[in-house]
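There are two complexes below, and they share chain A, which is joined by chain B in the first and by chain C in the second.
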Partner chain A sequence: MPLMKRNGAVCWVPRDSKKQLVIWFGWFIGIMLVFLCWQSISAKTMWVFAADAPEQLRLMLMRMFPPKLEYMDKLWKPLWDTLNIATLGTLLGVIIAVPVASAAALNTTPSKRLVRPLAMVILVSSRSVNSLIWAILLVTIVGPGILAGIIAIALRSIGFVGKLLYEAIEEIDKTQVEAVTATGAAPAQVFSYGIVPQIMPAFAGISLYRWDINIRESTILGYVGAGGIGLNLSSSLSILAWSQVSLILIAVLITVVASEWISARVRSRLI
Partner chain B sequence: MLILENLIMKYGSGDLALNGVSLRFDKGEIVALIGPSGAGKSTLIRCVNRLVEPTSGSIDVNGKNIASLKGTELRRARRKIGMIFQEYALVERLTVMENILSGRLGYMGFWKSWFRKFSSGDVAKALNLLERVGLSEHFDKRADALSGGQRQRVGIARALLQEPDLLLVDEPTASLDPKTARQIMRLIKELCSERNLLAVINLHDVGLAKMFSDRIIGLRKGRVVFDDTPDELNDTILTEIYGEEDWSGSADKKKVSAQVREHKHMESMDYALAND
Partner chain C sequence: MPLVQSAGGVCWKKRKIIENTPLRISLILAGVIYIALALSSVDVNWVRVQEGMGRGLAFLGSFLQPDFFSRSAEIFEGILESITMTVVATAVGIILSIPVGVGAAGNIAPFPVYFICRSIITVSRTFPEVIIAIFFVAMFGFGALAGMLTLTFATIGFLAKLLADDIEDIDPVQTEAIRSTGAGFFQILTWSVQPQVMPRLIGLSVYRLDINFRESAVIGIVGAGGIGATLNTSIDRYEYDTTAAILIIIIVIVMCAEYASGIIRKRLQ
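Up next, the complex of A and B:
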């Protein structure tokens, strides 16, 4: 009821007073929640330890610096593995995501009653499990190593790529599809001529974006034995070799920045 | 060659878009379909190639009842029916050549079409048509880089590459300027008479309909209310199709000239006061 009469004049307000009250109440609850949480955190923190945090940070940085550059010789291979896990995992995930997405999109699904819910379940379950958890599960199933990492990355990517892709499919221009249908093309041809060209930019963008995320995620998969540079990080940390840790962190940083740069370049070319 | 019998179309929303349409069309006819917005013109031609499913009635093309076809049979029937759309409906991110050649999809297998392996015969025909519609130098451009008139020419070439028996045209000129609209209509008319094609054309512009068609069908609220040669279309019939309106525009002209006179009068008064 955004139009009201006040003193005889009609005035317009974005919300009526009931809605306004609900919004104020929401803010009140929110602030109370923050307050309560802070109290609980504060009660469980040993402030004596927190008090010398700046000193501890200074000590750790001193031990990290300078990074142990000779250690780099042992990092090239795991770094390469990490890139491979991310790239092959993304590739595998994307290949599986395409059919799942077209089964999930309202305008391309073969059956709204049966296939679509199934595809949705696949997408949701893939997304609701973190890559690290997938990796732990897979290390037990296929054993430690790169393969577990690749599959873990792929499983997590299906949900991400599939969800964004099926939304892109649902947003296409229907008349272009109709025009191809009207020529007497078979369903697979309608898909490849009427739909594929329309979703291509979105598809490329989504896949690159996921590859980018996967590079970051695959740097920690080694922590649970799924291959890559994470293994070196965990072993260096456990022997308190801080100068190796700092070198690993720098190597990861450079890799991530480089991958973001590459994906930004490619994406701007495609769109 | 196209016979519609008691065609009824009721949309899920409850709109009765076609309320018992029976019509008969012959080879080589250019038929204009006119009527107010919502009369069911688009619905009618979309029923013919089954882009929408008619609720009941029969659609007979060359002795085959389209209304009952399914799957492959339906696709075979569709490739003999060309369609041209108001908003061109080109695949925007494909090139002109790919768009035109997609008229051949119904005649080839999936992998050949995926890898764009069109037969040399098809390519030659496409190039011919491209020249015929005057777009030879644009063959490698993407469809979204063309103007409206050029896009519609691509749409026409795509439909004709199907080598259809009949052409369904839904408001081909609604988004074009008057000159381009006439050129496009002339092109469609010429191409159809060269091939002795039946064309059913939805038009909003009664002038264009009179100028380019052999026969005009007036549709109102899903029923045929007029079906005759363009010469028979007069103001009384236009009122019957579209509802009450001043067709010759004479009343408006009178009103306007009265306003102009009034204005002149005021000006002279201003002048008189200023010089007082």
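Up next, the complex of A and C:
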């Protein structure tokens, strides 16, 4: 318990003075760093343009309300496409993620020296590149449309699902695997009877969680031409049809909140 | 243990995830029908795909020979801008997310405050960063300021939600003890709530720093500055070797950041 003498009386303080000094120094460095970064941003900003932001916001909100409800007729198809991009993308991603994850997990990998690092590189590079960037690349390769969106979502999901899945595989109970092996089971049987039942709840949970993230991400893929409601968003924005934009935003909000609710409900029942 | 009688005696069968047979079969059927419908809505222009394959191969080829040098000044500037955006946005985001997070914790905030703070969190978490960036760009003009504000806004939703959930989970006994000494609301916060949530808050902030950098690579596409803008330009110019170089740099930085943040978070727990 650090105690300090102050004006002759002994006081209790949360930390001793040396530790306090280190903490203050850390704060000092941190604040200086943030300040420096802010200065460089501020130097590049045209403050004349930024100054009228409240006015811009007011005008934007004025143009957005009321939302143009008739436009909803044209939104059902893009919404359906968005749902399909997210779902099929998740499915494809999960299908690829399973072998990659089992190659990356320490206890199931065929070779620690060769296969595991390769699987890790796949997982990390898939996770570091956002689905929107994948979508831009894929639109130039397979052309605009929902196929590019599906592949983009799948490529991004591999890393996420694969990482969480291989961690789940590494945490399984070894004794069960040993018990199945002791019955003389072949490697494939060990996998399906010793490992799969243990990771199934985690696997389903992870996939559903990713599905709900993918719904959110697929709403913007259309912005670069990869299908879904983002396509309507970008065209409405470019013709300055703000009352359509607000309706699209409401549709996105409802879809995302609903998918999050569904995924949370199903996950809480599974686990 | 599910056992079944069969011709050869008693057999063991694997346990099904959904025990109720009609429900399971109808769920499977619904799934199959949905997938068939969804697949049929995917219309692929195979001629276009075939044309694009050449470009795909060119892209793969340039990944093997990335060009770091011919645009190195732009790349460096973009990365630096992304990092400054990330740092400021994370710092401001943390500062702003603390009051919102405290307000969104059901056990210490009154209902109207709770409701307002939870709505802020929902809006910020629902919309993808890119959509938010579009609006900030419209309001503040192109450049890093709009990007920084976008990341700040997204950080508030993320951190405040997790902080609020954390505060709701704290040990009430400690709060009770502090309250019994006659402490006011802010004294309860500093002496009972803050010590309990601080380690996790720091861990989450480090994690968010890492996410913000990743996102800063994307919001540049809609004009919010950073490495995303450089990336988008290089794709538009069909300079795939530069694109590959930028992607590799992003991957390496994200990998290092993730590794570092993993170590920091492990040491905190």
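Details
By our rule, the second predicted complex is superposed on the first by the 243 of 271 C-alpha atoms of A that agree within 3 Å, B and C clash if a C-alpha of one lies under 4 Å from a C-alpha of the other, contacts with A are read in each partner's own complex, and residues count from 1 in each chain.
Just so it is clear, a residue touches a chain if its C-beta (ideal position, glycine included) is under 8 Å from a C-beta of that chain, and two chains touch if they have at least 3 such contacts.
A quick note: this is a predicted structure, and the numbers were derived from the prediction, not measured.
Judged by the touch definition given at the top, the superposed model places A:Val180 against chain B, while chain C stays out of reach. When both complexes are overlaid on chain A, the residue A:Val161 reaches neither chain B nor chain C. With both structures placed on the common chain, the touch criterion links A:Ala188 to chain B but leaves chain C unconnected. With both complexes superposed, C is the one of chain B and chain C in contact with more chain A residues. Once chain A of one complex is fitted onto chain A of the other, the partner contacts of A:Ile229 are absent, as it touches neither chain B nor chain C. Legend: residue contacts after superposition of the two complexes on their common chain; A:Met200 is shown touching both chain B and chain C. The interface of chain A with chain B overlaps its interface with chain C at residues 193, 197, 200. On chain A, the positions that touch chain B within their shared complex are 173, 175-176, 178-186, 188-189, 192-194, 197-198, 200-201. Only residues 30, 33-34, 37-38, 40-42, 44-46, 49-50, 53, 56-57, 60, 80-81, 83-84, 87-88, 91, 124-125, 127-130, 132-133, 136-137, 140-143, 145-147, 150, 193, 197, 200, 204, 216-217, 219-220, 223-224, 233, 237, 249, 252-253, 256-257, 270 of chain A touch chain C when the two sit together in their complex. Looking at the complex, you find that chain B touches chain A at residues 49, 51, 75-83, 85, 87, 89-94, 98, 102-107, 110, 113-114, 155, 158, 162.
Touching chain A in their complex are the following residues of chain C: 14-15, 17, 34-35, 38-39, 41-45, 48-49, 51-53, 55-56, 59, 80-81, 83-85, 87-88, 91, 122-123, 126-128, 130-131, 134-135, 138-141, 143-145, 148, 214-215, 217-218, 221-222, 231-232, 235, 243, 247, 250-251, 254-255, 258.
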